[in-house]
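Think of it as A, B, C, D, E and F in the order they're written, each chain with its own count starting at 1.
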Amino acid sequence: MRAKLAVYWTGSCGGCDVSFLELGPGLLDVLSQVEIVFWPALVDAKRQDLERLPPRSIDITLVNGVLRTEENAEMVALLREKSRFLGAYGACAHLGGVPALANQGNGILEAVFGPGFRPAPPFPEAPEDTPPDLLPEALPLDEVVPVDFVVPGCPPPAGLIARFFEAALSGGLQPGQVFAEEKALCEECPRVREERRISRVLRPHEVLPDPEKCLLDQGMVCLGPVTRGGCEASCPKAGMPCTGCLGPTPKAGDPALALLSALASLVRAGEEGEAAFPEENRILDGLVDPIGTLYKYAFAKYGRPLRRLARRREEVRA
Amino acid sequence: MSEFEPKVVAFLCRWCASAGADLAGTSRLPYPPNAIPIRVNCSGRVEPQWVVEALKAGADGVLIGGCHPGDCHYVAGNYKTRRRVYLLRKVLAELGIESERVRLEWISATEGARFAQVMAEFVAALKRLGPLHGNGGAR
Amino acid sequence: MTNGSIQHSSPITHHPSRVLYFPGCALKDQARAYEEATLAALAALGYEVQELPRWNCCGTVYALAQDDLMRHVGPVRNLIRAQEQGAKELLTLCAMCYNTLSRSALFVQNPENLRRLNAFMDEEEDYRGEVRVLHLVQLLGEIGRGRLEKAAKEGLSGLRVGAYYGCTLLRPQEVAVDHPEQPKILEEALAALGAEPVVFPERVECCGAYLTVTKPEAVRLRVSSILLSAAQAGAELLVTACPLCHFNLTERRPLGAPKLPVVYLGEALAWALGVKSMPEAVAKAVGVRG
Amino acid sequence: MRRITIDPITRLEGHGKILIYLDEEGKLRDAILQVPELRGFEAFVRGRRAEEMPQITERICGVCPEAHHLASAKALDAAFGAEVPQPARLQRELFYNAYIFSDHLLHLVFLGGPDLLLPEDVGKAERNVLGVLQRFPELGRQVLEVRAQAQRILALIGGKAIHPVFALPGGVARPLPKEAQTEIAAIAARLVELGKTMIGVFHEEILPRPEYQSLLLAEEAWLPTHYMGLVDGSLAPNFYDGQVRVVSAQGEELFRLPGDQALGRIGEHWEPWTYVKFPYLRDFGWQGLRAGPDSGIYRVGPLARLNAAERMATPLAQEEYERFLDFFGEKPVHATFAYHWARLIEMVQAAETVALLAKDPALTGTEVRGKLGKPGEGVGVVEAARGTLFHHYVLSPEGLVERANLIVATTHNAPGIGLSVKEMARALVEKGKLDEALLNRVEMAFRAYDPCLACATHFLPGGVPVAVEVYDAHGNLLRRLEG
Amino acid sequence: MPEIKPRIGVFVCHCGKNIAGTVDVAKLAEAASRFPGVVYATHYEYMCSDPGQALLKRAIREQRLTGVVVAACSPSMHEETFRRAAEEAGLNPYLLEVANIREQVSWVHSGPAATRKALQVTRAVVEKVQGNRPLRPAEIGVVRRALVVGGGIAGIQAALDIANAGFEVILVERSPSIGGHMAQLSETFPTLDCSQCILTPKMVEVARHPRIRILAYSEVEEVSGFVGNYRVRIRKKPTYVDPGKCNLCGECAKVCPVRVPNEFDRGLSLRAAIYIPFPQAVPSTYTLDEKNCLGLVPLRCGQCAEVCEAKAIDFDMHEEILEEEVGAIVLATGYELYPKEAMAEYGYGTVPDVIDGLEFERLLSASGPTRGEIRRPSDGKIPKEVVFIQCSGSRDPEHHKPYCSKICCMYTAKHALLYRHAVPDGQAYVFYIDIRAGGKDYEEFVNRAMEEERILYIRGKVAKVFREGEKVVVWGVDTLTGRRVEVRADLVVLAQAIVPSPGTEELARKLRVACGGEGFLKEAHPKLRPLEALTAGVFLAGAAQGPKDIPESVAQASGAAAKVVALLSQPKLEHAPEVAEVEEALCSGCGICAPQCPYGAITVDEVAHVNEILCEGCGTCVAACPSGALTFRNVEDEQILRMVRAALEVADVGV
Amino acid sequence: MVAELRVSRESLNAPFLQRVEELSGQNVFACYQCGKCSAGCLFAEHMDLLPNQVLRLLQLGDEGVLAARAPWVCAACLACSVRCPKGVDVARVMEALRQLALRRGLSPVEVKLDRPVPQIALVGAMRKVTP
């Protein structure tokens, strides 16, 4: 019997949906082994079709996108109810992703329209057609529903998608599984690491990096050392630092803080000592926009709790 | 309502800051009891994540006590910590957390009085800042 | 000679009651009061003071040039006079005289110098180099604190007195009456006499000396500074042993500088012992009671 | 009042609902496209590193990240006053044409394509890529293979095919390795081959179908608007670079301007019931949601580009372009369903362009970074698969983003899509039958544009002076905001 | 391993009134008994007393405790005591932790707050102890042999001291003879002893010492291992002369057609391709310099071999690689002079009569190229006016070296003085910026030069030196009078900066020893550990660590030797087990950890490896490890976070 | 602008310098230019050269020092001499310079009495500043 598959997007760019095509003709094998019960990007099943399904009748559900609206939250709750295994697919569902950087600021609607704004329906007689309210924070999937497994990446690399389907379609899906390497990206990065010290922090456009050497050694903030492997180090190979889309390695904890610690540890301005402090600070100041740089995908999962504390204090004070 | 008593976690290097705290004790120099001291071998062992986890778990401030520059028992651990804290404070500020809530102090084994004074100052500064967990929410 | 070995109180236990005394020019003229008072006081202390017969000028300044034998002639001749008297010591009151005489005495401790000088002074008997030049303050030291305290009356009691040494009692080191930077011999004497000595920084600094002739403006600056230094330390009265210092401190005092009375050591001694009374002007200036 | 909802609209990128309102008599009161999704990029791109913008803004859309990536890079080139050296320019342009090919192919086969490739009466369960694969198994396999290879080109140059990482202000990340060029050249030939095959299939299997021809010529799918597209010096469409040309509904050139100046000719209108905005030509002003030569509404995308251009840039595409014009017999072509055909023509041009550029020896040149000046303000414009895409940034002296405004392809088309949906709905309602198949027709009108709602909705205003009227649930004006 | 439920015992010490007078110890023990994981809690008057320890031991046995917390005084007081007691009771000592409730609680706080904080502290340590693992200290053996690198006076002294203490020494020297720069010197300040006269006996002593093996003309190739157990690969270059056969007749050098500058004379004389650096060289043998010999390749000259009666010359000699095991290493690689060719303002070394200090030493030396007569290089004339320039290349952070080279003030004074002795009617000038004569009898020596020899010291740095006819014109300034000074000299001697000898940094890298910014070997602590490198078992001697004169070099060498002897005398080395550890399954080998370690304890190949003998346990690498693959035994992140959370919970609950 | 100084073996062995050393009995090369003499000289403010500078110019063999006013401002108070760490009797060097000048018939000092002064002062001054 073919496995029943659902794919759903919440606050998503669509890249995750398109990423399945990266399997190329291999997608045909996958499609031949599944029955798609719900996948808005691909088939015309509607919400009512989903609501009619019995609980736990979908074998595997993949959700991509950040949770941004009330509707998103309702839909994933509905999918959770209908699914045996539900997984976060892609960095947004896994970690919050790039759009979750919005959590750094205050409410989006408020930022644009000011306080008190409510969306309105096109006709007063159809209040149900009001655009859905936004959640106060952009959330990763596991903040709203239990998540059984993760296919990480922005979007997930073809190799990991294939690995996922292999496991899923052979019934080998394990709870808590993350379809990426346990070891950091550096494991698969061909760049040569020599003298590990950073004497300046450079932004990618400020330097044409040596094609052979480690980007971190060349002063670029590369999240490779804290990020799971599994993408074949595609960005460092292309001359750009890793920005961490596959998420932190199992024991890294907060990847931004882990990398921050590593980065600060590597900074050297000549001899270490009090005389070097000002120059060290100057080097460290080269890390502009630390939130956007270090928490590019993981802000919702790791940076948000502190941000929430701060925001609550701001509210209390106001 | 009683006055706000800040909760502090203090990571103290065993050779300098913790020894300085011991000296404050031996010298019977009182200071506010708000801090929970946690002794580590070197301030270089302290991870930024510990600091953040402490803040998330209910601390209003975190103190890291290490050796004075040039005095690190392990040569340069304190320099690493200094740089980590420098960046960490930057990140905290961007998150809207007052960077004063995280303090790095050089306290030698002979500076018992300084330890007591740092504690008193820090607690006073945190009182001015107010609670990080204002409406009771811990996590 | 190293710094630590200056003997300002020689271990003389014998107190000769007779003493040979070299006055010098100033004591007979501008510093007459010094001589009078000293002689009276020494008499009261039981000394028989005899003036050196046929004394001549000490030369007033000491020859610093190595080849200047001439300027030792005058001082040594005076020492020969003392030798003729069979004296072992020659007392001086004027600090300048003390300085020139004792440096020449030192100079001729070198046998070669002594030979050359004796050869030069054919007309005199050969000097044998045995006369010790003594200054009044050294004599007071030898008299000793006990005797002075016993002899002292109320004349100086409670008075805050600054001792101004100037240069010639202290420099060069070889003839200094005490440590050239931190002397205390004058203060000890004054304390024994009932005064309250006041130590002030400029007590050993030069007043300008003979620049009073060639550069009086420099001297005025010096005097002002010395007086201020003393006044700030709380001195009510200055004591000196040098007539040139005395002149500069009194006659070159600029307007506005503290008007401290400046008196000779001998005068203060005489007042302390009660053999002379303080002149009214001084008494008024220091506000002496009764 | 009766209300019909199509939720979610499927086989497109992003969220959308179509709401159809009928009055008491069963007549169409209104039909609207509502976009209920909002991620708010404008709220957090501020303060980000400028050079990160190509990588951040591409997360607006995972279908056309390449378009955002390079529109962003071009805006940064301008903001830093940088001249892009030839090797870097070639990398970008080749990459970009490969993207156009890949994206058009995706739509033709997976998204809008089934509407075209399958007869109208197939059921819901079959009306998708699986159905297409079943009917055209050989073509389907070939398409999947060749598309994967086009994606390979994107990965070779861009680092990753989806969400590439290579573009930087003034150039690209690194020189292209020689072996990559060899591989690209080999792939390019297969792209052109597939283009030819697709044209063959179109002329043999689809165009001859009468129901398709009636769809192409249907009155309710005939929308006279103005058209916008980038053209090169010879007035052929250019996807990566060129001037913005706008022709009127009557086919006259309204203006031909560089991107930054063209941007000034566009205004935006807002409605409170959707998170999408409605742009219009300022020359005409906002005349309400209606078509016609005196309305400000214009369209972008494949059809618009062909209307805004005078010829194609490559031989095979030119050949097909001439057949296309012959079929309709007039220009501009206002037929909404002609978007698919136009897309096919463009796909061929893109394939031919890839083949041409892949031979250029300068492609692997090592000079890949232009000299950067002080950061300032810049506009970048490209033709995304779905139409003209503007990025407009103001940077701080430290090179951080101070302000960003984007007008994306689907936003340009939002009024046109709205009108198409409404007209289609009106025609169907008048025919009095609202079954599922007919509702799909409404969706088809909509899908013809290959709309990307992900793009269209994830940006809120950045500083374009527009008036926003905010209504409450009772239709009372809550507030009026001036941009 | 099956999950064992923790059974923690808590022992609260009264410390008489010291703790109990402030903290409610009964309440603390009672509350502790309800902490998660705690099965036993009690309080006692003096835990450190014998009955207190007996109580502890009994409870460990009877309660089958898996962990113990003693809430008492600072762990620096009695942690050892309690851990020993635990061990005696059969509990691994690393499962016992001390909670400091005296120094950091009862002595500084009062009232209920004191009890509350004691509770927090104890609670935190209870959490920690549950994460502790049983540990055993590591033990390592010691190879009782030392390696001394560098055969200058420092190396010689260190080798002799170690050998005389009964240990074998391998002395590696790069050049053909030991002796170093000291062998080149004429006389030494401030005593003016003849340098060779005091050095030669020591060289002979080394040569004859039964426990010293000299490997001259050799270099250290590779070092692996760690304290007590180093493996060293030494490359021995071929000398083409069998030292056992060479009888120093010198016929070979006479017939050799080649003449090249003699290094020993700093190029002021010539030598043959087969040569002995100086007559007293040790090892006492000729060396054939393969770079300059005509006989090796391409066509054979071979004249030397023909005349060698002892048949000592062997053209087929090959380079050898020796592998040795040693327990300790002394680095005494010495110094070199900063090249005068770097001194643009002083003519880039192109003015023949501008020479450096060592060249002048050779001119002064009785065995030197001029037999001790001062004759200038250009024309052999006796210079009547000689200018000495101090700080040439030193104390010039902008163009040359920022540091003070320390010995130049003294050797310049010596040079000027010896010059005056040699040329009594000559005038010597010394340009200086400060005179640093901080050593026993040094100031007096300099004063002697000034006062007795009337050497004109001019305070000011020389701006320019150039040749004009036969003269060397020196432009200087006398900053004391503020006047420019011009001297038209016959000879100028530059007191060039002291720099580490070439190859020092490379050697340091091989040994994982740090070099300072200027390339001198870095000591473990500038004040408290000046003789040691941070790498355990590696010691420093002589000018390789920084500019030093002979007595300092000798003193440091003896000090380093004493350290080596102390190390080699230990039967076993024991190392604390609380160190960093790599979880290899998680390590990507990114290598960020390695440079954090001041002890070189981390090596990285596919993954990182911690040498637990070298690791001193600071944990800086662990904090730097981004992936979390590095952990710290018994101070795991999770333990710390548990401590923090638990203690903060107590804070919330209050007392 | 101060003139450039050319030092040479000749200038450093000039007869003038030897004479100063003979007259003063001092080795001017003993001076290491610490400046303690000048630091304590209460008449330095009236001098054109500080006492240590006088010594320095002598070390450099600069005969120009004979024209300096400083020796004539020196009151011979001997504070410098007793304080010199190297035992240089600076006052004697000053005296030597005065003597050299006086013996060459040079006396830059004019004596103008503004009031009667004690004999001791007059005689002293004459002996210092007149030939």
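Operating definition for what follows: contacts are C-beta pairs under 8 Å (C-beta built on N, C-alpha and C of every residue); 3 or more make two chains touch, one makes a residue touch a chain.
If you're wondering where the values come from, they're calculated on a predicted model, not measured in any experiment.
Within the contact network of the assembly, the step distance from chain A to chain B comes to 1. With steps allowed only between chains in touch, the distance from chain B over to chain D comes to 2. Annotation of chain A and chain E: jointly contacted by B, touch as defined at the top. Chain centres here are means of the Cα atoms, and by that rule the chain farthest away from chain C is D. Looking at contact counts per chain pair, the maximum sits at A-D. With centres defined as mean CA coordinates, chain D is found 26 Å away from chain A. Measuring from the averaged C-alpha position of chain B to that of chain E gives a distance of 35 Å. Note on chain placement: the centre of chain C and the centre of chain E lie 66 Å apart, centres being C-alpha means. The mean-CA centres of chain C and chain F are about 27 angstrom from one another, to the nearest whole unit.
Counting partner chains per residue, chain F shows two or more touched chains at no residue at all.
Multi-chain contact residues of chain B (touching two or more other chains): 47, 49, 70, 76, 80, 84.
Under the contact definition stated at the top, the residues of chain E that touch 2 or more other chains are 596, 620, 623-624, 637. Under the stated contact rule, the graph of chain-to-chain touches falls outside the line, ring, star and complete shapes. Pairs of chains meeting the touch criterion: A-B, A-D, A-E, B-E, C-F, E-F.
Contacts from chain E toward chain B in the complex involve residues 74-76, 100, 102-105, 107-110, 113-114, 116-117, 120-121, 124, 524-526, 534, 578, 596, 598, 616-620, 622-624, 632, 635, 637, 640-641, 643-645, 647-649, 651-652. Within the complex formed with chain A, the chain E residues making contact are 516-517, 583, 585-592, 594-596, 620, 623-629, 637. Across the complex, chain D meets chain A through its residues 1, 3, 5-15, 17, 19, 21, 29-30, 32, 34-44, 46-52, 55-56, 58-63, 65, 106, 110-111, 124-125, 127-130, 133, 140-141, 144-145, 147-148, 151, 155, 158-163, 165-166, 168-170, 173-174, 271-275, 368-369, 372, 398-400, 440, 452, 454, 458, 460-461, 468, 470-475, 478-479, 481.
Chain C contributes residues 24-26, 29-30, 57, 59-61, 64-68, 71, 94, 96, 167, 170-173, 180-181, 204-206, 208-216, 218, 222, 225, 243-244, 247, 251 to its touches with chain F in the complex.
Those residues of chain B that touch chain E in the complex are listed here as 7, 9, 14, 18-19, 21-26, 28-31, 33, 36-42, 44-47, 49-50, 53-54, 57-59, 70, 73-77, 80-81, 84, 116, 138.
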